[in-house]
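Below are two complexes that have subunit A in common, paired first with subunit B and then with subunit C.
Presenting the complex of A and B:
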């Protein structure tokens, strides 16, 4: 495979790509080759690109990242505190490499129902028929250099297949742990929910040390007719790291996708969520919270694409911006021609805690059908003095009143997470972060 | 859709006719020679020629912007004639001397200049193609010290004012079309309100594009000194042509301490036929600088015409406590395209801005709101409220909203909301129950939808706008 890259930086990121072993899925090999070609043709986006207008990722290019080295085996004791109380099904990846010793197998009951929760590499040959129509088909990497990079390295990853009429009771935990310095990892997830199935998945990005690294993820979620997926995404990467993420969701008839994404970590993070409502009656609820401080930059770009009639979408994205942090939100709602009776709402609320905090938001509606109900709103502001006064009149100190209000602002999103222990843990995090001064 | 309604929607453009007056047209094409020719024809001073040439050099370096949501064939800037003026026989002293052919044109348009001026108390600075041929009420305004006339005249009579303010709000290199305008602008209005003067009447101009294939490059400059106030109206109609015409105007407003400028537009230029052939390209740069403390700039626009409307009347709120307002109704039908909105740039303390935008799309049209609210770190306690509502009539049109909100000051409070709706069957049924036919019902619903904006218009315009909207949209629903 010849690699010709005009951008020498991107070329360096492709190091090690050619050493990947061939996959039994011929299309996958082809896909990787195509992705390498795309990486070669593309360049790192700059602020001159409309999609990256407010997010300057030039600090990324000042650091040279290596491919992941053989991970030193981790003891369960060092990562145990990331585990969830509820879940017994867990896939753990250390710097993007599958760690079988930390992962847990499916319980017997789930096994009987043919649920697949496994490393993509190991399960490909057994599940060719199920994977083939979806893997790499939902995330377009033609103009997206990070998705192309991830696809070029498509190798290991999390694979979840929930068969028809099966409801997975306990949440599935996908834990991605970063341990090495100045490496680039490319985690990949594929979730296929077959007709009338139900599953809750937690995609969790954590770190063991405050280091500089890139996590470049691609997640593809496919919902067949009447399937339900609860998708929780927590990004707690190191405050020095870079986190680039693409998530593509495809919804069939009467399926339901609920997602909550929480951004806490990374120096610069970018999350692209693309939801396509591909058939009638599909329903999407996408909530997000970015809680950032110091010089963090958190960028969320969402696109909710209504292609067929009678679909519903709801979105609430909140940002709490402290110190000199910078949040970016771009929420696009698209209603295609013929997608009548669409009902779509979007709200973006931003709380600026200091005078140096910065927000650039752009809620966007593109509507090509007349019989629809669409509304969006955006607000930017600080804590309301009257609300603070109300609390103070009841004996709370000014600091406590402020902390409480800030906490409540974020808690609205966290409350929507369907995993109790995680909810509790995140609420603690928000409390800690807001309880300074 | 009923037949009667269908007929109404297909109503041809009433004002489509060409007045045959011998025009003094410059050869097609743009180069330094053309600019020198314009300058010589207009007998301009040296500094203005330098300004034009500087702009032209800037323009050459720039690229045509591509980011908008409008589509049109590439404009050949060398195929446009940049100067066309009705041939003057001699200097005109009174209205009676105006070319009767010209007067008939205005007659047909329903603008009997003197009558209208007398009845409505409006001074009309009539611009026919590029040269101002008659100005009324000038004396009355001059008494209170207001300078109101064509900009080419002002260049000679008040060069110090024009020199000071021209290009101060919209710099020559601001954007592609503003640079082009700065290089080749032929005429426009100039208005100066001295300190403490409240303009005793609404000022207005009527623009009209006449000679085929002559792009019009208007330049308007309005300055309100400390404590002054003025309300300025602009209305447009244009005859039917099949080749597209480019219109790239620049409007600059400057408001000093406690000054108040209200700028209202009703735009009904030829929009092309029902197949989308022809029509005006309306690519305009309008910007107001609220320079002084407590100053106020208010834009009101009713955009119903043009094949493509691409403009963002903006306010730069520099003075403390200054106020910016934008009220807009944009109607598109058939194959019209509109990408319009506003920019509110908050720089001074306690600055406030309000945006109310109503977009109505019908037929195969495309209507976009694109707006920017920027709060600079210095704009403590800035406040913005934006509301953008769209209404879609028919399922072949589209409505888009692109609001950019950039806030760098935590004491700022910014709110944006947008919604999309249609005229519902239930609403029409409600009207029918009360004996109101669907046509009238639609007109009432639309007027209700646009009420917030129409209320901002001066009386005569409000009536005109209501009728215009009815005319444009009747028959789209049913």
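Presenting the complex of A and C:
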């Protein structure tokens, strides 16, 4: 692909950007302007770029996308099947536009403790002071064209601030619903967990129609000292859509970040997760499952960066690949000089259900400290014949045995989601997708 | 126990089998009647585990000759699951671990498959829970094992107890227990053997495949068969196991081979 084509394509993606209203937060206006400059300087990556070696996103450039012109007026009844039984606080965005009528207010107890769950645009001046040191500072867009595009459109978004010593009991549900074709949306999330706070957040991308659209997300998560964040990310976009995502997490001293990310949808998806363990005693657990079929391509790039001593990270990423689908996993564990007594494990396990299914996996360890415990590995395989025989010897048919084992492979990750109703629902989804006759 | 009027459950005639082109079974003859307990003993590599897996229908083994008749059916025509539903049970030497599948989910699935076969009602999770907890008492198993993944991180003894638990739920006509005693300490062996004894009755039969005589102190066989190089070379009563323990397997080789199971 020539650079000229990319440029004009990217330019078309910027259409409508100049009509965004100015923000009271000067930093935000500046960020947008810088991002527009970067988009103009960058190009759509191709397979010649090392970071995109296995992921051909050229089908994206065959379709033109626009920001939504008119938001779909949705009633609660048409989307409430996406709601969680547990959720008391929910922010809903339709094609990237905040939908106040579908969003819920904080419960009284949370309100008393000054927890903020709101549209970024509605942030108070007090909130703006809290946002300023973080917004756009964790996800670098200098060399990342999709992060730059998202930042160029930075306008509305999900803002969560959990004050010091506050524990938010019920999960916060950020629900992004796609409804229209050929729409580009740029969802943005900022989560600030202040010292010793605890919160569980579900970032949830869904669709009402099997249309072609692009969702291009940036999520920034900041954990102050001793904070705990459970981050669940579910991507169940349309199988015709494109999903580009960047998530950056910053961990301060003795903070704990646990994420479970599930990839079910999109024709082509790319999830970049960058976790920085910035001070001693920080812990990260990052689990992932991609369950894909037909001609889907799901690319997960993660980087877990140990910069200080005594930090722990654990990662289990699994892929179940059916039909002619293609999964990519690139997982880097970085142990910086001086990050002694790092304890890190990483495992990538892949199940190929057909001979046409494909996985490209690249676990990477880069260690620049000498007193560390690191283990990593990747496995690729089909279902184990001995396991199948064991189940058949108990009377289960071969099909049932295969289905059960495939389900079990995915259920191990689903099991780690700390939201019961979601776990149950996803188990059903995995069950349906892994059951063949 | 040997009953005069019992009928033949399993009739194996001149059974030959190969794996990867190597002949392992070279003409096995064995007749098992209901109510009986048989022990098949032999050195490593004599073919005892192969025999157990061939009866259960493992796909790695190719049958090159002979017949296996099970209650009037040609067993060799049946898929492993059909054999299981017909009443064949194999207790595995190395039970498989299945992370992600809860033990109770797996046990209920297997149990309900058997219930359909028996023309009986399937049990819902609550009904099954009552049943399985009762069965677990027989094997002195902690109910916590129900919520854990199938055999995952179970000790050797726990895995073998889980096998016998499955046997108790499936209620087979013939249970072939492949080295169920290996890796068990004396307490676990006593518990497992006690379970097997309680499940044995006039209508079913048990085949113990073992290297050592030890388990036969707890489960007393009606017949002991000695396997050597893919054949049953000697058959006797329970005292044969004691002779083997005393004299070693080499002692059999100098004796005259006999026709088995008659």
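One rule holds for everything that comes next: the second predicted complex is superposed on the first by the 428 of 437 C-alpha atoms of A that agree within 3 Å, B and C clash if a C-alpha of one lies under 4 Å from a C-alpha of the other, contacts with A are read in each partner's own complex, and residues count from 1 in each chain.
Following the convention adopted for this analysis, a residue touches a chain if its C-beta (ideal position, glycine included) is under 8 Å from a C-beta of that chain, and two chains touch if they have at least 3 such contacts.
All figures in this text were calculated on a predicted structure; none of them were measured in a lab.
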Exercise for the section: Report clash or fit for the pair subunit B and subunit C bound to subunit A in the combined superposed model. Expected result: fit
Handout entry: Which superposed partner A:397 touches (first subunit B, second subunit C, both, neither)
Key = second
Exercise for the section: Identify which of subunit B and subunit C touches the larger number of residues of subunit A. Expected result: B
Handout entry: Partner chain in contact with A:366 - subunit B first, subunit C second, else both or neither
Key = first
Practice task
Answer with first, second, both or neither: which of subunit B and subunit C does A:425 touch in the superposed model?
Solution key: neither
Handout entry: subunit B, subunit C and vertex subunit A (Cα centres) - angle in steps of 10°
Key = 70
Practice task
Using the touch definition from the top, say if A:181 reaches subunit B (first), subunit C (second), both or neither.
Solution key: neither
Exercise for the section: Figure out whether A:27 sits in contact with subunit B (first) or subunit C (second), or with both, or with neither. Expected result: neither
Practice task
Check the superposed model and tell me the shortest C-alpha distance between subunit B and subunit C, rounded to whole Å.
Solution key: 14
Exercise for the section: Kindly list the residues of subunit A that each of subunit B and subunit C touches, one partner per complex. Expected result: none
Practice task
Could you please specify the touching residues of subunit A with respect to subunit C in the complex?
Solution key: 384-387, 389-398, 400, 404-405, 407-412, 415
Exercise for the section: Enumerate the contact residues on subunit C facing subunit A in the complex. Expected result: 56-60, 79-81, 83-85, 89-90, 92, 95-96, 98-101, 106, 109-110, 113-114, 117, 149, 166, 170
Exercise for the section: Enumerate the contact residues on subunit A facing subunit B in the complex. Expected result: 50, 54, 337-338, 340, 350, 352-382
Practice task
Would you mind writing out the residues of subunit B in touch with subunit A in their complex?
Solution key: 67, 375, 377, 390, 392-422
